[in-house]
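To keep things clear, I will list the structure first and then write my remarks on it.
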Amino acid sequence: MDLALQLLFTGIGIGAVYALVALGFVLIFRATNVVNFAQGEFSMVAAYLMVVAVEAGLPYWAAFIVALLGMALLGVVFNLGVYYPLRHRTYLPVIIATIGASILMANSVLAIYGPQPQVLEGWFETPGIQVGPVYLDSQYLLIIGVTICLVIFNFWFFEKTLLGKKLQATSQDKEMASLLGISVSTMIMITFIYSAVLGGLAGILVAPVLFVSIQMGSTIALKAFAATIIGGFGDVAGAIIGGLALGVIETFGAAYISVPYKDGFAFLVLIAFLIFRPQGIFGERVAEKA
Amino acid sequence: MKLTRRDFATGIAAGIAAPYLIKSAKAQAATLKIGMCAPVTGPAAESGGYAIKGARLALEAVNKAGGILGKQGELIVEDDQTTNPGIVLAFSKLASQPDIVGFLGSIRSTQVHAMAPDVIKLGKPVMIGGTDPNLTHMGNQWLFRCRPNDSYSGRVIAEFGVNTLGKKKWAVLHSTDAFGTAGGKALSGALEKLGAPSVLDQGYANQSQDFTPVVLAIKQSGADILGSYFTFENDLGIFARQLRQLGVNIPWVGSPSITNVTALKLAGPALYNTYGVADYAEDSSEGSKAFGKIYRDAVKVAPDNQSSWTFDAINVLSAAINKAGSTDPGKIREAILATRKFAGAEGEYNFDQNGDGLHGYNVVKNEKGNIVFDKHIEFND
Amino acid sequence: MSAPSDNMPIPAPAIHSKPLLVRHLPYFIGAAVLVVVAANMNFDGYVHNILLQATTFAIAVFGLSVVLGLCGQINLAQAAFFGLGAYAVGIGTTDLHVSFWLCLVGGSVISMLAGAFLGMSTLRLGGHYLAMVTISFQQIVTLVMINAIWLTHGPDGVSNIKRPDLFQTSQSYLAFCVAMLAIVGYLVWHLPDTKLGRAMRAVRDNELAAGVNGIDVFRTKIYAFALCALLGGLAGGLFAGGFAYVSPDQFSFAESIVFLTMSLLGGVASPIGSTIGTGLLILIPEWLRFLKSVPGLYLAIYGLFVILIIRFMPDGIWGFVADAFTRWRAKIKTPPAANALQLKPATIGGDTVLEVTGLSKHFGGLKAVDGVDIAVKRGGVHALIGPNGSGKTTTLNVLSGLYVATAGKIVLDGTDITHMPPHQRTASGLGRTFQNIRLFRSMTALENVEIGAERPGNTMVGKGDDALTERAMEALTFVGLGSRANELISSFSYGHQRLIEIARALASNPTLLLLDEPAAGLNSTEKLELHELLKRIAAQGLTILIIDHDMTLVSEAAQHITVLNFGRRIADGESMAVLRHPDVVSAYLGSE
Amino acid sequence: MPLLEIRNLVVRYGEIEALRGVTCAVEEGQVVTLLGANGAGKSTTLRAISGLAKPTSGEILYDGKSIAGLGPEAIVRMGISHVPEGRRVFPGLTVKENIMLGASNRRAATSEISREADAMFDLFPDIRKFTNALGWTLSGGQLQMVAVARGLMAKPRLLLLDEPSLGLAPVIVQAVFKIISEIRRNTTVLLVEQNARMGLSVADYGYVLETGRIVLGGKPDELWGNEAIRAAYLGGHAKVSA
């Protein structure tokens, strides 16, 4: 039982990271109908920005803000350089372009900053707390806390603000949105910025646990992908639940079935979902149209 | 269609030929060349950097002392991208330069496996750092190992834990790559011989983000000592932290990576008081002390095995060429195999007929982040 | 054979004067020269390795040009298939001591079966989902290679892989691989002109139209996927023999991406493009090695190249070159003339060709079609009309199998087709056109019509490609476009594209022809021509069910009219009487 | 000067010439109806005005200024609101949210927009009880109400209405047209309608389109008497030149 509780905590912690990255996938997919294969690199770049800013002597919170601002800028550049020129083409060239972008980003960081993995200190001095039989890592607690806040923020932003509604409208029917005077290109830009910041946030938060390395992005991104599918492509709540579910499945699978095949569980679950329930956990919201 | 196809073929041919022609044109300079495959890019790019520095430092010293066969030695480095296809291409690129007399291969066993067929084909000596025992036992006479192989590391870990620390309930943890699997097997085998078979033998995949299940398995197994083979420093760092956080404080004897600079930096206090077997330990001998000083002066980082083995490899190789008095591969091979009591950074080299130069390991202890030499265990078989 | 047609009295067609193999002799001579060069040039190890890698990779990339270029389906697991073939040869020749040839064939078959299985489970989803499944498959294969140590030797990989006795030396093995490349390249080059290849292209261009032209879309996709996997496996086997060592990291997801980039870079649709792409992507990183002093720099530049190529060369390098080449050549072969088209609709059933009873189609709560009865008499033109949104097109889509009927029964010429998929209905004798023209846009007019002619069960077409071409030419000539048969669809006006679509349906010699708004978008001259065409078709005894808004056309062409409104039948009967029916008038002009 | 004036408008979609020189005008305060069979070019005319379709040649003058070639976002800001065919209500947003988004063309506080949206339900009482229902749960007639309400939220000087009666049962069509006659009190309307009788019943002026050309224009009663109308819908070759 103690064992299961401990596994559950870590599973949720790592799952929350998947969820944050998955959220970025979903937002971009809904707005542009494109799967952004470079989403994981956003996390990696942000973690490095954070390391650079901390090394430059900025206080932790200032470094945090600088890193997120940097991600916003990267979102702009990514949209203008990768997505925007290809927006009228089919999904395939765009997928390949995002793959190209991910290679470019990972190796640019390698070229600029070198291959050395880096340490990024966590927010808190104390590494964690012991609650009964379960040890709670403070960084995982923070990650879970931030994920909860983001779920609430997303709910508020997409459900309660007019801008959120405009973003939703754009993702549902671009032509109609433009007829109402909503600037579609601005909405897509905002989506890319927000997704880049979300991915960045995940990277910065997870860096103290997983360290900062060039590969950190791609490993997380593949799992986040699977989470996106399990949650039903294009569903915000689904992405978060899919991420958490995946984290838990993986951790328990590793503990009770096989450690080396840990990464395989994510993909087996994914294939099972694709074959038996391709619409994900929640299913499509939009009814069949005439 | 025909036309453009032919044009294209010509294009390819010209493209391939161009750099080759340019290279052969400037190949006439009066240096003696040693080729080196190293990971400049990819996941091991960092350690690749150290390896190149170690080799360069050795070569500088050799050159100052009169060079090789009277010529200045020159190091030609090709990037192996930390992948197997990468090293195959890198090595064959070096191999195609006829004036390279000897090579430094990889510290990764799989990569050595990948390049091995080409090594046989070429028939020139290649110094390697990969520690899979098979490498020097599969009939490839051109591979010479400048590190003790894993049959020794496993035996040393077992010997030290059982006889020095007096622990019998072992948990063995290893990565599932070639290095980890071979190491884990060697350690388990050695433990069985010592009458203390492991209570847990656990593999894990590289780049795991979370080790909670592994730590809990160790906890549950009731082991009183841990032996480990980690490949990547980030994995080691994450595991070390989680191990301590979840309250496992049993003694821990790890494979050489546990003493790596990067591992020490990443894991910090989580690795205090652990033991590691190290082919390189700064205080283990005069040779290693000397190398430590040169390396610290030049690179400003603490030396480790990534750089020490390439340092030794260059020294052993150039000494052997000088002794052979010729660049004939067969003569160099004989000279290397005849190397006895050669004091290197890693220890004393006594090559056996398989091409293994070292037969023992140092045990070191992490004392508040400093690696302190504990003892050396040497085998004669 | 029938008499020459009225407008084009020309001698019998001479379609292919020389046998295929003779016409392609230059290719084989060229390939043979390459093989001889490969066997005799004394490359150094580096060049040899690069050539060997390029040759084997190119075969795997050919697989992608089939699945992606021809059939339009994505595969992000080609490295996994490549790996299956490589491990089969690796494990087979070392641990199991089986002959190289057996292993090569076995590995290719295993790959093919894996591809077919993967396809069967998920090809119905397509698009992004297919991308995900293939990624997952790739990851699982990699994990098994690493962890199933008893079988695969784990991360150590398999070394000392054997080669066939015949090709022990590096030179001869390379020559052997080049020969394989040439053979596979030849097959892939000609695949588009085979029945399967045409079906794949049709599926890529327009799945709906492919289905209603008698192509089993799902099965075609599986074939493409299996073929791609087969080539991947074959290439992997050759690779393993060549390098004598395989290990899991050579067949990772990253490698799959490399394969895909090779394919896109060179030009996804052609084997030449694949070869160019493969060559470049193997050579570029080698050329850029001088940038190695800064780690990561050359891969960063590589990533940038990928983005730029996608942006500026959408059809890849070969597409770019071929395009310029075509424009420069700009001469299109005039097709041979054809005989008059014969339509011999089958007559199994009785007097009624199509009998629809109680047909309903509901979308959620919306009753788009609600209990409609239609009876189409043999040999006549029957019209289905109604205001916008009355359910006409939905009815047609249910008839041709694009939608599944919620209730009701459809009997075509005595056969109950209610539960058949579109391609089987076509095989049973249904032909149709679409309101928004659905032609296969990357093909010529002739090829489009050939696909129609190729429908299973077409009794009017003899065996072989020549008969097919002949039938297609007849249909094109019938609609008056015979002389432009070899032009691409994009060069035809909208009106002519309609005619091609009709010709495609006619070539299949259907029992019943469904025409969905054939007059939409046509100007008045074109409408008159269409009217004439309909008369000529009807004169051959072919039964037509037409939907259109042009009441002049409908009233003059059709003898019988069924009127729908709000998904229900509001009138049915002889044309003039129906058009004067007060309910019909008010449905169109609005009620008081 | 008419509020909207179109001269020789030509629009092509690739090969298809959807409009082949349309000339017409809408006076301020009027309801003008465009009639014609399917495919005659009615919707294309509206799409060209609102900026969704790029004119190949010809002029579109709104309030004396040329708007041909501007994007839809700019045109709706100038006061032309387009309620397209098929309603295009955002399926994943609630009715209220859909209506509020109609004000995206102007700057106003969210609270102000929310108040205006609530006021819309006075004009469309039938959909008040669906305020918080998601778009996709509504029926055709309700969707049409939402779409019109959303269009009106832009406070347009000119409202373009495309086939508001399409697929609706006669009772609902009546209700929709009652609303159009309410709207006309303070907004100019250009209406595209297939239901000729209904379309002309609210109009001040009408045009008949056939294969991309205006073949007839006139007051509703003049048009209604003309055989060309019947021909345009029910056949008989209306060989009347414009």
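By written order: A, B, C and D. Residues from 1 in each chain.
The rule is simple: a contact is a pair of C-beta atoms (placed from the backbone, for glycine too) under 8 Å apart; a residue touches a chain by one contact, two chains touch by 3 or more.
It should be emphasised that the depicted structure is a prediction, and the values quoted were computed from it without experimental measurement.
**Q** By CA centroid distance, what chain is farthest from subunit C?
**A** Chain B.
**Q** Considering A-B alongside A-C, which chain pair is linked by more C-beta pairs in contact?
**A** A-C
**Q** Please compute the C-alpha centroid of subunit A, do the same for subunit B, then give the distance between them in whole Å.
**A** Comparing mean C-alpha positions, subunit B is 37 Å from subunit A.
**Q** Distance from the CA centroid of subunit B to that of subunit D, rounded to the nearest Å?
**A** 76
**Q** Can you work out the whole-Å distance between the CA centroids of subunit C and subunit D?
**A** 41
**Q** Subunit C: which residues touch two or more other chains?
**A** 143, 146-147, 295-296, 298-299, 366 - these are the residues of subunit C that touch more than one other chain.
**Q** Where in subunit B do residues touch at least two different other chains?
**A** Each of 41, 45, 49, 176, 203, 205 in subunit B touches at least two other chains.
**Q** Touching at least two other chains at once: which residues of subunit D meet that condition?
**A** As it turns out, subunit D has no residue touching two or more other chains.
**Q** Mind pulling up the subunit C residues that touch subunit D in the complex?
**A** Counting only subunit C, the residues touching subunit D are 365-366, 387-389, 492-494, 497, 517, 520-521, 523-524, 549-556, 566, 579, 585-586, 588-592.
**Q** Quick check on the complex: what are the subunit D residues that touch subunit C?
**A** These residues of subunit D touch subunit C: 14-18, 37-39, 139-140, 163, 166-167, 169-170, 194-199, 211, 229-231, 233-237.
**Q** Using the touch rule from the top, collect the residues of subunit A that touch subunit C in their complex.
**A** 29, 35, 81-82, 85-86, 89, 91-93, 95-97, 99-111, 114-115, 214, 222, 225-226, 229, 233, 258, 260-261, 263-264, 267-268, 270-271, 274-275, 278, 287-290
**Q** Could you please specify the touching residues of subunit C with respect to subunit A in the complex?
**A** Contacts found on subunit C: 68, 74, 121-122, 125, 127-129, 131-133, 135-137, 139-140, 143, 146-147, 253, 257, 260-261, 264, 294-300, 302-307, 310-311, 314, 363-364, 366, 368, 394.
**Q** Going by the contact rule at the top, pick out the subunit C residues touching subunit B in the complex.
**A** 26-27, 30, 34, 44-50, 53, 143, 146-147, 149, 154-157, 159-160, 170, 243-245, 247, 249-250, 272, 275-276, 279, 283, 286-287, 289, 292, 295-296, 298-299, 321, 325
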